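Next up: the structures, one after another.
Two complexes come next, and they have one chain in common, subunit A, joined by subunit B in the first and subunit C in the second.
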Partner chain A sequence: MDRKEKKTIQAKLDSFHSRKLWQDKIMKRIFQGSALLAALMIFFISYFVISRGIQPFLSSYGDEQQSLIAFISGNRWRPDIAPPVFGVGFIIINTLLTSLGAAVLSFPISVLTALFIAKIAPPKLRAVLTTIVELLAAIPSIVYGVFAAGTITGLVKDVGDIFGINTYGGNSMFAVIILLAIMIFPTITSLSVVAISAVDRSLELGSIALGASQMETNFKVVLTSAKSGIFAGLALGLGRAFGEATAVSMVAGNRMIGPTWNPFDITRTLTSTILSGMHETSPGLDYDMRFSVGIILLLVILATNFMIQVIKRKVGGVTHE
Partner chain B sequence: MNKARRRKDIMRTSVTWISASLAVLVLTSIFVFVFKRGAGTFSWSMLKDDYWSKNYLVAFGDVAANDFAPPDTDSEDEFFSRKFGFGLADSVDKENNQLMLVTTVSALSPLHEGTITTAGPDQGKVMAIPLNARIRRIDYLDQENNVKSTGLLGQDHSAEGAIERLEQEATAIREIYFQSTGGGIRGSIIATLMLIGLTLLFSLPLGISAAIYLHEVAPRNKVTDWIRAAVEMLAGVPSIIFGLMGVSMLFRVTNLFGITTQSVLLGSFTMTIMLLPLIMRQTEEALIVVPGSLRMASLSLGASTTQTIFKVVLPNALPGILSATLLSMSRIIGESAALIFTMGTAISDSPKISQGATTLAVHIWTVMAGEQPNFELATAISLLILVLVLGLNVTVKLLTYRINKKWQV
Partner chain C sequence: MKKTKIFVIMLLVAALFAGLVACSDKKTTKTEAPTTKATEAPATDAPATTAAPEPTEAPTEAPAAALTGAIHVYSRDASSGTRGAFEELVGFEGELTDDAIVTDSNGDMAAKVGADQYAIGYVSLTTDFAANNIKAVSYEGVEPTQENVLNETYTLARPFNYVTRAAGDFGNDKKEQLVKAFIAFLTESAEGANAISSAGGIVDAAGKKPWAELKADHPIVDEDNSGIELVTVGSTSVEKAIRAALETFQPMAGNFTFKMSHAGSGEGPAGTVGAEKDSAKKGDIGFTSRPFKDTEDVSQSMSNGTFCLDAVVICAQLDNPIENLNKDTVAAIFKGEVANWEDIK
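Right after this comes the complex of A and B.
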């Protein structure tokens, strides 16, 4: 090989390498850009929902400017009268009532089912139950809504009839609670299964060695040790309950004043308010107010997560000491 | 162990059994309810029919009477015209309006060769009168060649009367005015497929490259953690908030394409963002199980990072990416709240990307939200959605099982 030939080969190799490096750099930027875009979305969402949601309370909104205090503390939601009244206070209470009611109903059942799946069930039954929980989580909310409108409302109506209470055909706070309890069940259960399975085996063996039975160990050692994971499941379940829209709207009934204390009475949640009468709304005050309710929804979810973190720390602290 | 403790133990065991059986009970009752209520309405014609019934005026060029044999399955409520070879029956629709439905059309009947005369793109096309068409008016020629009408808009208001009059007076049929059945979900099925296609087109490249960045390229530092946390937060945002974001933020993006209303494109943009956490998490899990030795072998042979990612890592992560795709499809099929805002609730029989339409899930919402909820159609669509979504999820489960087996995880 003479010198000239060597040189051309070297030049070719160099250009090949530099092309590869250059390609690497470009692709790296593309990957990085995608990841940054994905990360920025949460800020875009917050910005656009909040900036539109606060519009009606600013003086720049003109004649239809709303009072923030009346909005937060209001107990009537009447977009249909003139001038319209938008009070979200009772809706917040309704949302908290239905979601917490669902959590109270669903939490014990979910945790016990998770304990059953993780510790008690024979292996084959465990696989079946895990699949069932996964399928329940996969069922879309609109199907839950149709199911609730077809069965749960009928059930509530029958119970109401026994006590002689008029139930608006079964659309009621009670129906919403049962529906939400069913919908958050798979969320809490699957996270609890993970938490319970992660409990250190030596803790269990220690408890059994001290003379506790297997079931006593399960209830008093395993569940308490898995507490933090179980509470994470509850937080996620509550988040789902607060944010659930279509299914809830199908059985809530959308009461215009409140709050609703009677479980057989119709109710109105934040999400059902955002969705109600969507098809007949055109851009304007009624439309913008949905964004304001959206802000409240985000705040409620944030506050709940924060509270659960605090509770978790307090409850968790006792066992570690 | 004393008696009291043993009794407590048995109680504890039974509570967990009862809780677990409640889960089974709920799933079973959902299945039983949807299949029992939906199966009756579920049919092939529901899948392929338009939702809105259309009016048609079809001319037959004064086709002359003939002699047709009535069908064997001649029931009491069905009346057959021997002259023109078709059967009619009385019926009522949901709003209790009287209807006259076509029940049979003989093979050689002139009703197979009409010409559409209604103004519109279909004008002049040959059309057969379909079964279950709602006959409004039949124009015929009598013995003196006068044009006369029968049917609900003509002289007779029952199938029996109309057929009798045709048999006695008519020498030829001139025109038939009818409405197609409607109540089908073909448009929503097409819209759902369009939404799935568009959404995957945008979200897969974005989600996969973001996941590649996080797992293959990114340095382990605060910024990377921060990106992960931000994406995780995105997963916790309720879908209705995505809907609000779609109409306030992404609406401006679709405006750039000249779309000024809710549209399938807007829906697909919204779903793209909504699915990012899911696709990123699934892809990253697939990347994690690809053994590091494969990457090192590729790099040591002189391949660049890009070559390694595209030719070694991604092909091996393909089953995981496939399950991400299937799960995304199942989420798109089931999504309703965000799409009510971004795609609207008006059912369209011929959906376009630049216009609003309903997916199957929003179709249910629309028929349930009206003054008179159409429960039959809603459960029938629920049945379809349930079968699709659960089928996709079971496929993903099998797929994951096979991947884990392959890498011996």
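Right after this comes the complex of A and C.
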């Protein structure tokens, strides 16, 4: 091999490398672009919803201008009368009650299921259970809605009959809570499984070496170490509960006053308020107010996520992140 | 791992099919005896009344005293046309009780009332009552049937009227002929009646002729009318029916164009033969969802009349002993003044 040949090979290699570097640069830009697009999407959606939703409270809205204080503190939602009354206060309370009720019902079951799947179940059963949870998560919300309207309401009605409570055909806050609990179960479970499986084996072994039983280890070491992931699951699950519109609308009953405290009484959530009559409304106050409710919903979700972060810091002793 | 996964999925699919088969079995038994669902919940010994709601007098009278408890008022959302008609005809506009449940659609209303023994609601006359486990309640002693609506004894109904501009006032002879043709299509043809009833209007199909027969009197429809724009004004309630009729008529009549600017019944006569007939609100055909008032002189129009009727039916669950309600009682119930079933006389 003479020098000339070596040089050409070197040149070829160089061009190969530079081409690769160049490709790398292009790919980097593409990734950057898609990340930017995703970020912009959030910006656009928020901008559109907020700019639309604050319109009714500005003086530029004319005669139909709404009072922000009456909107937030109101306990009556009557867009149908003249002049319309838009009070979202009781709807916020209803939404919090139904979603948190669902979380209270679903969270312990989800975490225990996740613990069983990740630590206790034999491998075969683990695979079966994991698949079932994944499939549950894949069921579309409208299917849950049909199920709720057909089955859960009947159940609630029967329970109401036992207690001598005159239910609205089973449409009730209780039905919404059960429905949401079922819907958020797979979300919390699958994230908890991932979190629990990721706990360092050495922590567990250390705990057992110190004399703790397997169960003590599971509850006091594994769960507390996985709390970050578990609470992320809770946050996502609550997000789904707050945001679920279709299925909830089918069993909520859309009460126009509130708040609803009796679980067998009908209720109204922020999402069902946005959805109710959406297909027949025309641009105007009734349409714009739906965006205002949307802003409130966004705020409620943000506030809840913040609360979950606070709770997370208080729960468990192990700081391992 | 993967094999188990596939196995589980297959198992679930099998379970799903088993469930489907089981459910369809249930459904067939249900259609045979629609009351089975109702009997299992309140445990009343309701007789096996199947399709006919009131074949025997005695057993329906017996639970009449039995139904006590709060009335559950079901309503539609504010933008619903059925709700608009109902509130207007009963006369409690804007006074619906705060305790009402708001349903999403006619079907949603029917299904929810069918599942609630204490419910009262209202649906359109075209609803499938038996399938939803509901029954139609008579109003002022008159049963809501198509015949009773057409012979005007059932008063929870309203006429949909039309009025055209005066002859020679269309500004264009071709347009006048086209309007004439459309009115013939709307009121006399079977196709027009079909379009209207598909949009929820009630028309007497008897005596309607096929358009092919009527067409001979209106040669204008064979020309190219794409340059003509018909403007309709008036009631928003008629919009659906008129849109259906216009869209059916369009390809049959030389592809004319149309603009619908409906804002309320008052604008119908006003924009065609009344004070606003030369203003920006003018139209070629006006519509009202009520009879013409004495103050609305429609005598100079080229033609006017009723093209269909609109009826609302009060409904309750099949087991509910209620048979008849009067206007004042209905208003009181929906305003929330009468709150319990036992308070209804």
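Everything that follows uses one rule, which is that the second predicted complex is superposed on the first by the 280 of 321 C-alpha atoms of A that agree within 3 Å, B and C clash if a C-alpha of one lies under 4 Å from a C-alpha of the other, contacts with A are read in each partner's own complex, and residues count from 1 in each chain.
Assume a residue touches a chain if its C-beta (ideal position, glycine included) is under 8 Å from a C-beta of that chain, and two chains touch if they have at least 3 such contacts.
Model, not experiment: these values are computed from the prediction.
Between subunit B (first) and subunit C (second), which, if any, makes contact with A:157: first, second, both or neither?
In the superposition, A:157 contacts subunit C only.
Between subunit B and subunit C, whom does A:131 touch in the aligned arrangement: first, second, both, or neither?
After superposition on chain A, A:131 lies in contact with both partners, subunit B and subunit C.
In the overlaid three-chain picture, which partner chain does A:255 touch, first (subunit B) or second (subunit C), both, or neither?
A:255: touches subunit C, not subunit B.
Applying the document's definition of touch, where does A:195 land relative to subunit B and subunit C: first, second, both, or neither?
In the superposition, A:195 touches no partner, neither subunit B nor subunit C.
With the two structures laid over each other on chain A, which partner does A:91 touch: subunit B (first), subunit C (second), both, or neither?
A:91 contacts neither subunit B nor subunit C.
Determine, for the superposed model, which of the two partners subunit B and subunit C contacts more residues of subunit A.
So, of the two partners, B touches more residues of subunit A.
Quick one: is A:221 in contact with subunit B, with subunit C, with both, or with neither? Answer first, second, both or neither.
A:221 sits against neither subunit B nor subunit C.
Quick check for you: in the superposed arrangement, does A:82 touch first (subunit B), second (subunit C), both or neither?
Touch status of A:82: second partner only.
Please work out whether A:230 is in contact with subunit B alone, subunit C alone, both, or neither, and reply first, second, both or neither.
So A:230 meets neither subunit B nor subunit C here.
Hey, what residues of subunit A end up touching subunit B and subunit C alike?
131-132, 135, 149, 275
Under the touch definition given earlier, write down the residues of subunit A that touch subunit C in their complex.
76, 78-82, 123-124, 127-128, 131-132, 135, 149, 153-154, 157-158, 161, 166-171, 249, 253-257, 266, 275-277, 280-282, 286
Show which residues of subunit B lie in contact with subunit A when the two form their complex.
1, 5, 8-9, 12-13, 15-20, 22-24, 26-27, 29-30, 33-34, 37, 205-207, 209-210, 212-214, 216-218, 226-227, 230-231, 233-234, 236-242, 244-245, 248-249, 273, 276-277, 280, 304-307, 309, 330, 333-337, 340-341, 344-346, 361, 364-366, 368-369, 373, 375, 378-379, 382, 385-386, 389-390, 393, 397
Spell out the part of subunit C that touches subunit A in their complex, as residue ranges.
1, 4-5, 8-9, 12, 41-42, 69-70, 72, 77-80, 83, 94-96, 98-104, 111-119
Within their complex, state which residues of subunit A touch subunit B.
Result: residues 20-21, 23-24, 27-28, 30-32, 34-45, 48-49, 51-52, 108-110, 112-113, 115-117, 120-121, 129, 131-136, 138-147, 149-151, 182, 185, 189, 213, 215-216, 218-219, 236, 239-240, 242-246, 250, 271, 274-275, 278-279, 290-291, 294, 297-298, 301 of subunit A touch subunit B.
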